[in-house]
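Shown next, in structure tokens, is the structure this report addresses.
Chain naming follows the written order as A, B, C and D, and within any one chain the residues start at number 1.
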Amino acid sequence: MFLERIRSEGLAHWSYVVGDQERAFVVDPRRDCRVYLDVASRHGAVITHIFETHGYEDLLLGSPELAALTRAPILRGRRSTHAYGDVAREGDVFALGDLKVRVLETPGHTADGLCLVLFHGADDPVAVFTGDTLLVGGVGRTDLFAGQEEELAGRLHDSLHGKLFTLGDHVVVYPAHGAGSVCGGGLVDRELTTLGYERRHNRLASVLDRDAFVRRALAERRPWPPYFREMERLNRAGAPALVAPPVPAPLSADQLADLLGQGAAVVDTRSPEAFAGAYIPDSIALPLDMLAAYAGWFLAYDRPIALVVEHSEDAEKAVRQLARVGYDDVAGFLRGGMRAWEASGRRYACIPAIYAGDLERRLQTGPDFTLLDVRTREEFEAGHLPEAKQVFLGELPDRLGEIPRDQPVVTFCGSGRRAITAASLLKRFGYDDVADCFGSMAACAAIACQIVAG
Amino acid sequence: MFLERIRSEGLAHWSYVVGDQERAFVVDPRRDCRVYLDVASRHGAVITHIFETHGYEDLLLGSPELAALTRAPILRGRRSTHAYGDVAREGDVFALGDLKVRVLETPGHTADGLCLVLFHGADDPVAVFTGDTLLVGGVGRTDLFAGQEEELAGRLHDSLHGKLFTLGDHVVVYPAHGAGSVCGGGLVDRELTTLGYERRHNRLASVLDRDAFVRRALAERRPWPPYFREMERLNRAGAPALVAPPVPAPLSADQLADLLGQGAAVVDTRSPEAFAGAYIPDSIALPLDMLAAYAGWFLAYDRPIALVVEHSEDAEKAVRQLARVGYDDVAGFLRGGMRAWEASGRRYACIPAIYAGDLERRLQTGPDFTLLDVRTREEFEAGHLPEAKQVFLGELPDRLGEIPRDQPVVTFCGSGRRAITAASLLKRFGYDDVADCFGSMAACAAIACQIVAG
Amino acid sequence: MFLERIRSEGLAHWSYVVGDQERAFVVDPRRDCRVYLDVASRHGAVITHIFETHGYEDLLLGSPELAALTRAPILRGRRSTHAYGDVAREGDVFALGDLKVRVLETPGHTADGLCLVLFHGADDPVAVFTGDTLLVGGVGRTDLFAGQEEELAGRLHDSLHGKLFTLGDHVVVYPAHGAGSVCGGGLVDRELTTLGYERRHNRLASVLDRDAFVRRALAERRPWPPYFREMERLNRAGAPALVAPPVPAPLSADQLADLLGQGAAVVDTRSPEAFAGAYIPDSIALPLDMLAAYAGWFLAYDRPIALVVEHSEDAEKAVRQLARVGYDDVAGFLRGGMRAWEASGRRYACIPAIYAGDLERRLQTGPDFTLLDVRTREEFEAGHLPEAKQVFLGELPDRLGEIPRDQPVVTFCGSGRRAITAASLLKRFGYDDVADCFGSMAACAAIACQIVAG
Amino acid sequence: MFLERIRSEGLAHWSYVVGDQERAFVVDPRRDCRVYLDVASRHGAVITHIFETHGYEDLLLGSPELAALTRAPILRGRRSTHAYGDVAREGDVFALGDLKVRVLETPGHTADGLCLVLFHGADDPVAVFTGDTLLVGGVGRTDLFAGQEEELAGRLHDSLHGKLFTLGDHVVVYPAHGAGSVCGGGLVDRELTTLGYERRHNRLASVLDRDAFVRRALAERRPWPPYFREMERLNRAGAPALVAPPVPAPLSADQLADLLGQGAAVVDTRSPEAFAGAYIPDSIALPLDMLAAYAGWFLAYDRPIALVVEHSEDAEKAVRQLARVGYDDVAGFLRGGMRAWEASGRRYACIPAIYAGDLERRLQTGPDFTLLDVRTREEFEAGHLPEAKQVFLGELPDRLGEIPRDQPVVTFCGSGRRAITAASLLKRFGYDDVADCFGSMAACAAIACQIVAG
């Protein structure tokens, strides 16, 4: 048998193709789904089943399109609200030659959650696809449905301890997300794990007491980006067919300026340093590896997007990442890159960077500026500079009132990357004097600045 | 952390690069070792340790060259006969940031065998590199050292049940070989497994009784190709540096004919059907995916090799595979392929194929030919045609005396692939009338021929 | 400026993307047209113009789809019958920055033929895209329109000597086809040339006397495959959109057998030797590099096609090549290759090969067989074996009456490749005893067989 | 026949592989020469001849290594000072099947210059490899040998008009360098040309009068980078063997800091904007596409080099480019990129960018700063801002005395790229207040600043 993990960068989403030399199934396909056909075909296998472990909030599933291309049925949970597909129920078994998939209903992260238990030959599971029920080092968040948090957390504990862990310690775990996902907190950056390892070492899943588990789950509040609503809506109907992400069109500086004038969002995917060195006024800094994760906080679905990229290949990557979260209206990318804009004689701007050592000195002499820490509350509480004001990056546009306009702002985060997005937003909203602390918390820790917790 | 499995085709050898964003270690590097540098560099990591789980018989290790390129130490078992490297002893721990590797001495397959236990954060192992101590569905063979078979089999049982399985069911297993390797029998074609799964379902490792285990291990006799001796000798000193496999030279039909005349081995890596359709007299059929596994049975180390390939890219693949088992003297490949030979006006020959249905009829009317089954004794005993004569492919050159020269021969195996190699050898040794049964056992089973066991 | 030549294998078709860092134009795009977007985008250029040098008979143009993707206008000749696009007239000039394209009307190969003269800076042409008006070493055939051969040949002479060559010897020539194309005879296998070089050394274009040119053009009769009619019809309306060629589906041996039973064409793209070694009864041998050029002779447009390939990647290549000549109904490819068919227990067959030396001996003892030479009349007349019967491969299905069914047939061509297609067709049409002479004419010449001309 | 152009980025060097399906020759191989083997092998050809059109000053030839790998002879001019190879004399002919190469001695750019005339079939040349004798739009510089400038310029005119152009207008030209090379001025950015086109439109080669030609050639003074001396020395002996450029080692921030402390050169290949946004104090900005062309001005051959790159793949590209100009001692690259440095808590710095519009205003109010234009004198004289001080980038380290240390400096060039290198050098030499005008001349022209010539 073969098993390949398909990683969707930015969203830390993992989907899977599993099969033998004849048949294959796919778990939770992403929207740009040609990759599954390629993998299956390379192994000589036909895709005969598509499984959805649950309804996604953070990305578009490619099940409808993949089903259209393969004529394979889509199997989803009883409680799934998707308008398409067939229901897979507790205990249902799907056989593909030597392979067998058995369905476990495991509500908790969502009400429709499934785990898919894999057998190979023996009548003892060898692996399980856990969706967001069990992640490496953590579990799927249970705060997605207002008012049901407590109930869902409890049901998640039941699913874990009443069902999943009873499969045995020896079962390999394949979750739907890895570290960096917005769908679970405190995840461990490792791809391999087993039920036994998680039962003992998972930050949350190892908590045996149901109440204690619920309390700890409720205590966690994770960011809830506004685009979740759109993902839900689109996934329910089935994401629009994409076939393959389109080749983005090169734009001249003039065309880009016109688009900007007409209300398009200009998204700059270059590195934070490059953005700081020179950027197009009113553009938003979203470095390529942050794009999929943060686009949904700042970009409207009804406005075109224009890109500024380092290399033209990056434009294709950006288009693909945006498509995964439903942004299909990409007008193109600035051809020739930032250099073309500069050479066109159009105005650009810079954002000065402040070295952590200098920041510390400025803070000691009495800060006449706002030190804006845009990490999550969780991260902030684990350790921050005493003078810092915390506003999570995603919520920044809604909480500008908390940031004084009459004094300079220094943006700050874990290492200075989210800080550049924050800086670009502040500039866009009219803040004059904005600097970014590259290095941020990591640098402050390295030079032993005073750090407080809580 | 990251963990990448590097697969060496043909030999079913698996090596590993594991690390975080700073440091990485490699387990059992193959000879063409640039791939490890590439993988580590892609993750931004420097290779700081090279581990050898045991001395290899079936391929050349690239440890010496990789060590020269990285200045990383090579760690090997106390009983290793390798002239290089440092000794890693039971309980030794090597730390690389969050990762930790602890050494288990697990003799059995060989006397110097190690398992390498991997920790990530917690003080509980998450995975183990088992070398040939434990494979998926089987164990490393214990018949490599004449006279020590029983002792080694017993020690293997001790290593498995006294040490390895005590790590816990939840530990993920990364062995040195997969299905198709000559180093273990009855392996399962799957990459993922755990100690718990193997403890319960492994054909041999699940046998709790030591004596029963030893009896069953002793009952297995696996082929012992002559090149093992050369691998041992070369590995002991450290394989000659290779950097990267050379670009093979294109040869004209004239040059190839000259080489053949001077005693070079002409190895034809095309498909069995293409060989059967037209081949160069005296060439040996070794389809590309069989090359690494079977070259060592038939090719001398002191004679040059010339290749006949389907596409010129295949020549590079063949050179790489041959280098992995120590054949460095490849004179080149026939440019323009078999077609160039045909167009040159030189003689070629064909091997007729016999459809299983026709073979059955011919057998029923009283066979006036030898039906030569070249599978292993193990495979043969599991089921064969009643009239078949078994001689394992690798031993064919030494057992020609058992095959009458005065009647036709039909070569036969699992599906007709090894049979083409057998046919090419028989032709080379002067047998006149040789045919290949494409489909062989698989086809006979499909059309319900009479099959006997034992 | 940049200029990239896009080669379509099999059809020897050359199209071009030319531009600077802002704008690009495309000449004669092929149907699978994403490549032009990729090339232009790599140079940061937008495609602003699409030129058609003439209406094609031998392949589908991708102009309509490329225009839809880029919104670039399509420019074609006044006499073009295409239902889309704008007319470009003699002397029309299209400027793209420093580049300029001027239109020459050059009827001859077809009535609508254009040449596109390229200027870069200076007011003196640097290159010319000649479509099929002028090829390397030859000219476009003038026999496509029955009854107009003489007139068209004369007009071609006028176009060459009255217009094209007046641009100057120094102008680089970029034609629409290379050696191996069915659109011109006696072409030279070289990509680079100039008007001056062709004016002096082109087999036909160097003939100054109009009447002599017409006589020589009329004396050439090139094969006219039946699919030309379909290409004309489809190109007139604009080829159906393709976006990207689909991923072909793997088929089991059962499914392939069913398709064959239902009238599908099974096309085997493996090498001639592999086909000869074992093939599926009733399949047609069309090695991958012959596929695009010969499919149109033998395959019906209203029947599905199933493929037998060496590697699964070849299936994608085959689908792409078939799409270029309008065959979109490819049901899939045999997964696991020929080996899977053999292992399934289904019948297969072989075609014996005859070495040229043996053939010669058999001919000398008085041939009791038909020696069938399937090369073109032109090739045949340049030299053949005295006993050979000539029937051009493409016409074979219509001329079976000339080939006796009661004696063996040996198929023969330039080197044995077309001969395998002929052999597969004869088998399909019920001929029992068919062999292929691999090496064919090339081998006979090499061993100094008697060869006659005329 | 086939002809492939191999482009070496940065140096604008073009080398060639030409052959048929049996034999190939290479013209002016670069040092990392495996590419020629790959190309020849792809066409099934063996490299049988290596030609050097002349001794190179600007890069290392790979002839010795390629000869060692292929056993092909190296052919060079009579006056070549290379310690290896055989002499090819005027009129010598080398035949490779249908192809023929005839030698022309064409001194001028250097004393040993050859042109290689290519014939294919006919006894009339189809193409010529012109080395630096004739380039697209220009000719090879004649100022490389002090005291011989006038003589060499005259001999170049003789070579062009007495020999090269007599081959005929129709001959296609393949030169050794393209636009951007330091070996010739005023080159046209186009790859295709012919003798006839250049005879009429080449800025210098079109000048018929010998004296006028010499005067114009002498009037041109092109930069003479110090590394030329080293290239000469190394080429004379034959460049050290390289096989393939090594995989560069990842370095931690600590290791990089140590290297810097020990005198290593830290070369930052990121974009100018990224460098400006944050850079390591004392590092030199050499964006990847400028690296090969400018390294030789600033880097010592006896000191190790450490790299700062955007992506780890860039490190390999940088190593390759440095190897082409003889820098083999690359210690590694900063792993994790600039971000890792920032996170380590080490100091970094920024260079502010000045928009052209703001620059203009600052100049109008009376400049209290040095506007340093680092373009060549030629470019400067074609148009510059009135207040600018010109010092060519390459000469900056030697001419610091001309740049006041007590006032700010704004660096300036064509579009702001060379200006970032200048800014990094000034910072390294202790200038405090340095800014870069991104957009530079291009932007000033676009917004209609006052520009003066001469």
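Basically, a residue touches a chain if its C-beta (ideal position, glycine included) is under 8 Å from a C-beta of that chain, and two chains touch if they have at least 3 such contacts.
Note that the structure is predicted; figures quoted are calculated from it, not measured.
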item: Chain pair equivalent in interface to A-D, over half of contacts matched, among C-D, B-C or A-C; value: B-C
item: Fraction-based call for chain C against chain B, same above half, different below; value: same
item: Interface with more contacting C-beta pairs, comparing B-D to A-B; value: A-B
item: Interchain centroid distance [CA atoms averaged], chain A/chain B, Å; value: 42
item: Centroid distance [mean C-alpha coordinates] between chain C and chain B, Å; value: 44
item: CA centroid of chain B to CA centroid of chain D, Å; value: 49
item: Sites on chain B at which at least two other chains make contact; value: none
item: Interface residues, chain B side, partner chain D - complex; value: 21-22, 34, 37-38, 40-42, 44-46, 69-70, 243-244, 247-250, 252, 312, 315, 335-336
item: Chain B residues touching chain C - in the complex, by the definition given at the top; value: 270-278, 310, 337-339, 342-345, 347-353, 355-357, 415-417, 438-440, 442-447
item: Footprint of chain C on chain D - complex, ascending; value: 1-3, 120-122, 124, 126-127, 168-172, 188-197, 199-201
